[in-house]
Amino acid sequence: MSNEFSDVPDHTRRIILKGAAGLAAFGFTAGALTSAHATADAKAWPADAFKQKSEADALKALYGKSAEASDKVNLDAPEIAENGAVVPIAVATTMPGVTGIAIMVLENPYTLAAAYKIPEGTEASVACRLKMAKTSKVVAIVEAGGKLFSATKEVKVTVGGCGG
Amino acid sequence: MLRKTLIAVAILAGAAQPLLAADKASDPKADFKAFREYFTKRFPKVALDDFVNGPYSMDAGLRKQWEAIDAFPPYDFVVDKGKQMFAAPFKNGKTYGDCFPNKGVGIRQDYPQFDAKSGQVITLDVALNNCREANGEKPFDYNKDDMAALTAYMAFTSRGKPMNITIPKDPRALAAYKKGEEYFYTRRGQLNFSCASCHVQNPGNHIRTEVLAPALGIMNAMPIYRSTWGGMGTVSRRLRTCNSQVGAEPLPAESDEYRNVEYYLSYMANGLPISGPGTRP
Amino acid sequence: MASTIRVRAIASGDTTQVQSLINHPMDSGFVKDSKGQIIPPHHIEVVEFEHAGKVVFTCLWGPAVSKDPYVKFSFKGGKKGDDIKVSWVDNKGQSDSTVAKIQ
Amino acid sequence: MRTRTIIRLAMVVSVAGFAGAAVAATADDFKVAYAKAEAAEKGAAAVKNRWIATEAALKKAKAEADAGKFDDAVKLAQHAEALANASTAQAREQEKLWPDAVIR
C-alpha cells in the first residue's frame, strides 16, 4: 500500500543528516535555467471548474460526470490539521487505467483545490499541500477507465488557512 | 472599596512568603540536572534528542503532518536566501564570515554567549548586527525577514550539533543566567502566565488551538517557520508573540530580559542537537 | 535570480520519484493585507513535468493550493542522469522553468 | 490562590469601573483621571509589566475624550488605572514568588 508518510522510519536521525545533504543540494537547479525553454500551457487550466461551489458542479465542469465512492481510492489526510494554511494531502489508488486525480475541499470558497493529469506510465499517486478555510470534508477523485471514483475524509481545522 | 481590595491583595502577597529568592544560591549545574530530569520523567517515551522538535515530540497527528511538510520544507527558499546574504560582501569587502570563528559555519550552537567586554549576553542575532555595524552597515530589524533568513541559514549549518552554552566564571554571567531564569518563571500579563506555565507545566497540552512545546530544547529549533506567519521568524518575534499571547506588552526585541531568558533556556538545552530552522504550526 | 523551482528527482529501479517545491505566494484572493485591502488572487495555474520530450505529469492548481506549493509523484522510464523539465505559469501570466537531473 | 486574586481583581475592577457616576463628567475630570492612569501605567512600565489591556484602555479613553464623551473617557481612564495597578501588584508579588515555580 502506498502511504505518503510511511517511508520515514527515524525522523530524528533524518533531520540531523539532512543538514549536510540539504546543503549539498543548494543551487543545483540554478545552473540549469538557461537550457530550459518549455513553458507550461496556461490554456490547459480549467477556469470554469475552479469557480464551482459544490462537488457536483465542480465534477461536471471538470469531467462532465459524477463519481461513485470507492474503497480503492486511498485518501491520506490528517484528522486535525495543524494549520489550515498547510494541510498535507495524499491520494493514491491501485486501480488500473487512471488518467486523473482531483482533490476537493467542500467548505472552501471554491470546491476544487487541485487536479492532476496522469498520463500512461505515471503512477496513480500524488501528494501535495492545500489550504483549508475551516473544518471540511475533503474529497479525492480518481478518474479511471473513463469513470470517476471518490473517497471522502473529514479534516478538522482549528486555525483557518485563509488568513485574516 | 476597590482600593481596599488592592491593598488587601498586596498585604496578602507580602505576608505569606515562605521562600525568598535570595535563599537560593545560583547553581546552573543543579538547575540543569533538575530541569532535564523533570522532562525526561514526565515524558519517558520521548527520546531526549526529540524534545528539540517541540510540539511534534508530543503529538503523533501533528508529527505526521510535520514529517510530510519537512520532507521538502517551504523554508528551503529562506535558507537559500540566508546563504546568499551570508556570502555577499559588505561595502568594505568583508563578509559576515569574517566576524565569526570558522567563518560562521556550524557555530549557531555556541550562542548565546556571555561577553565579558560588555558584561552582557550576546545572542546570535545581536552578534550578526554587531558584525554589520562594525563593517559600516545598518543593523537589521530583529523582528524581520532578513535577520530570520540569516539566522535560519546559520542554524542550518549547525543542524545536529549539540547546544554548547557556557557560563564563564564571572559574577555578571551568573547574574544574567539567574535573570533569565527569573524571567522564565515570572508570571506576567493579564492572563497571569509565566513562560513556565505553558512550557513546563503544560507541554503537549492544547492551549486554544496550539499544542504547547516543551521548554527543554525550545531554542534549538530557532528560528522557526510558522504556517501562521507564512514565513520564517526570529527568536525575538517568537518571544514578543509569547508576551502578547498572555496579555503582556512585548518588550523591545533583544532587550536584556529576552537575551537572558534565551541564555537560560539554551543552557538548559546543552547537549541537545540544533534542529533549526524549525517548522511550527 | 535564483530559480523559483526546486526539484528532487530520484530514480529507483524503473521508477522515478519526483518532488518539487515552487516559490510562489499563491494568494487566494480572500486574504486582506495589513491595511484591510483584499490581496488579489495570484496563484499558479499549471505546472508541467517533462521527461524525454513527453509530459509525465500536469498540475492544475486553484487558489487553495498552499503558499510555496509542493507536489510529489512518480513515473516509469526515467533513469539516473536524465533531464526533468519543470515549468509553471500563473494567473498573471508569469512563468518559470528549470531543468534538473534525475539522481 | 494569590495570583488568582489579581485576575479576579482585574475583573472586579472592570465591572466597577463602568458602574455609577451619576453626575456628568467634564474635561477636567478626565484630565485628572487620565493623569492618574498614566502615572499608574508608568509604575507598571518601571517593573516591566505593562498589560496590553491597560494600553488599550488608555488609548480608548483618550479617543472618547477627544470626541467629547467625558463620562466614558473618565470611566475608561479609571479602568486603565486599576489595570495598571493590578499589573504592578502582579510584578511586585512575582518578584518574591517566582522561585517557588522553579523546577528543583
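To keep things simple, chains are lettered A, B, C and D as they appear, and every chain counts its residues starting from 1.
One rule holds in what follows: a residue touches a chain if its C-beta (ideal position, glycine included) is under 8 Å from a C-beta of that chain, and two chains touch if they have at least 3 such contacts.
This structure is a prediction, so every number in the text was calculated from the model and none was measured.
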{"item": "Minimum number of chain-to-chain touching steps separating subunit A from subunit D", "value": "2"}
{"item": "Inter-chain pair with the most contacting C-beta pairs", "value": "A-C"}
{"item": "Distance from subunit C to subunit B - Cα centre to Cα centre, in angstrom", "value": "34"}
{"item": "Chain centre separation (subunit A, subunit C; CA means) in Å", "value": "12"}
{"item": "Between subunit D and subunit B, distance of the C-alpha-averaged centres to the nearest whole Å", "value": "31"}
{"item": "Centre-of-Cα separation between subunit D and subunit C, whole angstrom", "value": "53"}
{"item": "Residue numbers of subunit A (touch at least two other chains)", "value": "4, 27, 85-87, 90, 127, 129, 161, 163"}
{"item": "Multi-partner residues of subunit D (at least 2 other chains)", "value": "none"}
{"item": "Two or more partner chains touched - positions in subunit C", "value": "2, 6, 8, 66-67, 70, 72"}
{"item": "In contact (per the touch rule at the top): chain pairs", "value": "A-B, A-C, B-C, B-D"}
{"item": "Residues of subunit C touching subunit A in the complex", "value": "2-3, 5-8, 15, 26, 28, 30-32, 45-48, 50, 54-67, 69-77, 85, 87-89, 93, 95, 97-101"}
{"item": "Residue ranges of subunit A touching subunit B (in the complex, touch as defined)", "value": "4-5, 8, 11-12, 15-20, 22-23, 26-27, 78-83, 85-88, 90, 127, 129, 158-159, 161, 163"}
{"item": "Touch list for subunit C against partner subunit B, complex", "value": "2, 6, 8, 19-21, 23, 66-68, 70, 72"}
{"item": "Touch list for subunit B against partner subunit C, complex", "value": "69, 71-72, 74, 76-77, 80, 84, 230"}
{"item": "Parts of subunit B lying in touch with subunit A, wherever the complex brings them together", "value": "47, 49-50, 53, 61-71, 74, 76, 79-80, 83, 156-160, 208-209, 227-228, 230, 273, 275, 281"}
